[in-house]
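What follows are several structures.
Shared chain: chain A. Partners: chain B in the first complex, chain C in the second.
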Partner chain A sequence: MLDLIRTEIFKIATKPRSYIGFAAIFAIVVIIQLALYADGQAYLDFLIQSLNQSFEIEGMDFNGNLVGFIILQTLIIQMPLLVALVSGDAISGEIQGGTIRSLLTKPVSRSQIVWAKFIAAELYTLLLILWLGILAWVVSLLFFGPGDLVVLKSDSLVIVRNADTVWRFGSAFAVAFLSLSVVVALSFLLSAIAENSIAPIIITMSVILLFTIIGTFDIPVFNQIKPFLFTTHMIVWRNFFDRPLPVDQIAQSAGIMVLHIVMFLGATLIYFNKKDITQ
Partner chain B sequence: MTDHIIQIRNLHKSFGDFKALDGLNLDVRRGEIFGFLGCNGAGKSTTIRCMLSLIKPDAGEILFNGKSTREHRNTFLRQVGCIIEKPDFYTNLSALDNLRISARMYGMRSKKEEILSVIELVGLAGREREAVKTYSQGMKQRLGIAQALLHRPELIILDEPTNGLDPKGIIDLRRIIQRLKTDFQKTVIVSSHILSEIELIADSFCIIDRGKTVIQGRTAELLSENEMLVSVETDQPEQMFRLLQNAGREVSAPASDDQTLTIKTGRADIPDIHREIVRSGLPVYGFHARKKLEDLFLNLTQNTDAHAGLN
Partner chain C sequence: MKNALFILLFLPFSPILGQTPNQILYKAHQQFARVKSFKSEVNIYFDLPSVSIENMSGKAFYKAPSKFRIRLKGIAFLPRDNPFNVYTLIRDSSQYASVLNGSEKVGNELCRIVSVIPNGESDIVMAKLWMGTTSNCPLKMQITSRESGIILIENTYGRQVQNALPDKMRFTVDMNKFKVPKALAADINNSPKKTAASAAKSKGTIEFAFTNYSLNTAIEDSVFKEEGK
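Take a look at the complex of A and B:
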């Protein structure tokens, strides 16, 4: 199994598309950091202008923690696409390229192949999250310096002490990884069904878009299904910047996301094990 | 150990209403080159895919060395090397990397020397570090054979291996297949609709039609050398017909607009016929002797597309 995983990692590492995510994150983060470096205070003033009408706010400075939070909030929307680019290609890419025939005539089970590919895609996702974490948060801390993090919510303002930011950012990245794992599992299922590598990527993004749109409408029929949509729980990372910490809500969201992963991966295993390779 | 390396019994497979395999039976002897013939859509690829567990048959049994390939899938696949239709590779990687990946899948910690020796065997030495996307179809076919041989299997399965090859590529491939048998004592199953190729290399063959075995046996027995066909193309068919008839040859009377005569004869008589024609001074534009596989094939396959599938 280790050899299989190593092989799958090697395949991902040698595909040019695997580096699109890293390059895109680098470009977006650097652009945002440079813009905030030049005009950060003006941006912050704009954000808190409504609060300034009711309160007198002092000592709210622009720092690395705030920049990291802003970038994370912006980029987390793009991350599923970057992840699906690789995971959506994992099985369908082999089908499209014809290498599936050679792969499935080797003395390893189809389930082992799916697991090896899934683990490799998960490692890739983890690296992508780490890359985002290093660039968005660690580099921002180096450039802008540490400080208390002020999180503006629609109806409140949360101040997170600088000493508290490490575990909160760490946990947020961990839950963001879990959210992206749902995307990996979904695109894996679609990748097993599709015959080309574009369809799983487009369908994955369409599903996320559709569910997100459903999530934004406050309509009773939508409100009933919202708790079961994985997209509702993909933004749970933000809860780590709440006070008090909504532990139950985080645990529930994490559980629902794990359930989705199990469901999508299980369906992939069943479907792929039965699939006739006729191409 | 049984004499037969592969035995297929009553194999069935349908795709919707279409019966791709309808009770197919097959026996392949150890150490032979086995030709697997049929028109396009006759069920050759489906049979091979069932053997290699790419497709699950609806019913029937495939035995490898007397054991079910379904129950002993991994043991079987460890002993098989194959090319299905056309070999496909990770084209952004080199031949060396592709073979390394393949070796790892067999749990082999293949040493570079082992990989290089297989590359040399198929005539790709010196090109192994180039990306496969720069390879011609013939080179990919050779690499496919290298991949099929890498783990030293007992059985090699080649499904339509000449697809996309130029004449030189076909000749090279034929030599490699013959070497697999003579130098490496491998059993080779070659599926094809190119009858002339199978006729040249196969020790045994089987013809299937509409998912059923139509005939199977040793080439020498099925294609008796006492029954060959010689075609003679001339612009004086009447004179040629009389000449051959007077010489006691079994020759078909020419149609009014046909300039080719066909003589039924034994292989030993062909030089005499040639001599008689040369002596007569009649103009000859074509002289072609063939065994009767083509006729056998056409007689046995009722598929109306039979001619379309023949090259």
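Take a look at the complex of A and C:
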């Protein structure tokens, strides 16, 4: 099994598309950091101007924690695309290239192949999240310095003390990884069904886009649907920056995401085990 | 003209409690005038609608006649004006007009309500002071200023009452509703809760609890300057 995982990691590492995610994150993070370095304080002052009329706000400086948070909430929407680029190709790429037949001649079960591919895709996702964390948060802390974090919401503001940020960011990245694992599992299922590698990537992104749009609108009909969409729970990482910490909500959303992963992966295993590869 | 009209309206109530409003204010000022400077520790408690912020601690510094600053580490929402500004206003009786507006109990202490209007240019437009008859200190102050609008300050006195320094100051401030476009806050999937409290304006409170007063010690002017200025 370990050899199988190693082989799958090697396959991911040798594909040029695997590096698109790392390059895209680097480019986006650097651009946002430069823009915020130039105009970040003015941007923040603009957002809190209604409070400035009532109070003298001490110590509200633009800092690395805030830059990290802004980048995280901006990029987390695009991250599924970068993940789907690799995971959506995992099985369908082998089918399209015709290598699936030789792969299945090995003395391993089909389930083991799916597991090995899934674990390799998860490792890739983990590396992508770590890369994002290092660039968006650690590098921002080095450039902008530490400080209290201002969590901006559309109708409120939460101040998180600097000493409190490490475990919150750590937990947020862990939950963001779980969110992206849902995307990996979904694209895996589509990858098992599809005969080419483009369709799973496009369908995964279309589903996420559709669900996100539904989540954005504050329409009563959509509000009924929202709890059943996995994208609603994918942004639960933000809740780690709330006070008091909504533990129940985080646990519920994490549970729903795990359930989605189990469902998607289970369906992938069932489908792939029955898949006719002779045609 | 504005001051003359104000005096004409409220003058008939002045002799009610024996002392003239100027005498009441003079007593309070005399008590506070003993304080040339102070530093103290201060715990700050926030209760602000649409802002979630932990209580915090810092140090308060005052230097006569009108320098006041709270120094702390991190983000804090503080009243815009120096809360001891009112003593600067009542320092010279020729600089203001005052009238008695009756009396009222604040806590357990009977207070005389004195309204003060500055004669010249001042940030304070009007101050309504509830002056304690026992402590001779303002237990409640409603200050209307050009910069900050109306602020209500409720004072609780303890050991430093003879110097008119409160143990607690509770500020009630009018707050504009905090609203940022969802796109700017990147706050998708969040539906604002529609409650009765979500009116356009609401009130927030900040409480200072002073401890360990150290009076009339040398304080560098640099303490009162903003960092980087």
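Quick notes on this one:
Note that in this section the second predicted complex is superposed on the first by the 268 of 279 C-alpha atoms of A that agree within 3 Å, B and C clash if a C-alpha of one lies under 4 Å from a C-alpha of the other, contacts with A are read in each partner's own complex, and residues count from 1 in each chain.
Operating definition for what follows: contacts are C-beta pairs under 8 Å (C-beta built on N, C-alpha and C of every residue); 3 or more make two chains touch, one makes a residue touch a chain.
Every value quoted in this text rests on a predicted model; they were computed, and no experiment measured them.
Once chain A of one complex is fitted onto chain A of the other, the partner contacts of A:L104 are limited to chain B, with no touch recorded for chain C. In the superposition on chain A, contact is made by A:Q73 with chain C only, not with chain B.
Within the superposed three-chain arrangement, the count of touched residues of chain A is higher for C, of the candidates chain B and chain C.
Applying the stated contact rule after C-alpha superposition, one finds that A:K11 touches chain B and leaves chain C untouched. In the superposed model, A:L157 lies in contact with chain C only, and not with chain B. The contact sets of chain A with chain B and with chain C never meet. Residue ranges on chain B touching chain A, taken from their complex, read 15, 49, 52-56, 73-75, 77-78, 80, 82, 84-93, 97, 101-102, 104-107, 147.
Against chain B, in their complex, chain A makes its touches with residues 3-4, 6-7, 10-11, 14-16, 97-99, 101-109, 274, 276-278. Those residues of chain C whose C-beta lies close enough to touch chain A in the complex are 50-54, 70, 72-80, 148-149, 173-182, 184-193, 198, 204.
The residues of chain A lying in touch with chain C in their complex are 47-48, 50-51, 53-60, 70, 73-74, 77, 147-148, 150, 152-159, 161-162, 212, 215-216, 218, 223, 226, 231-232, 235, 242-243.
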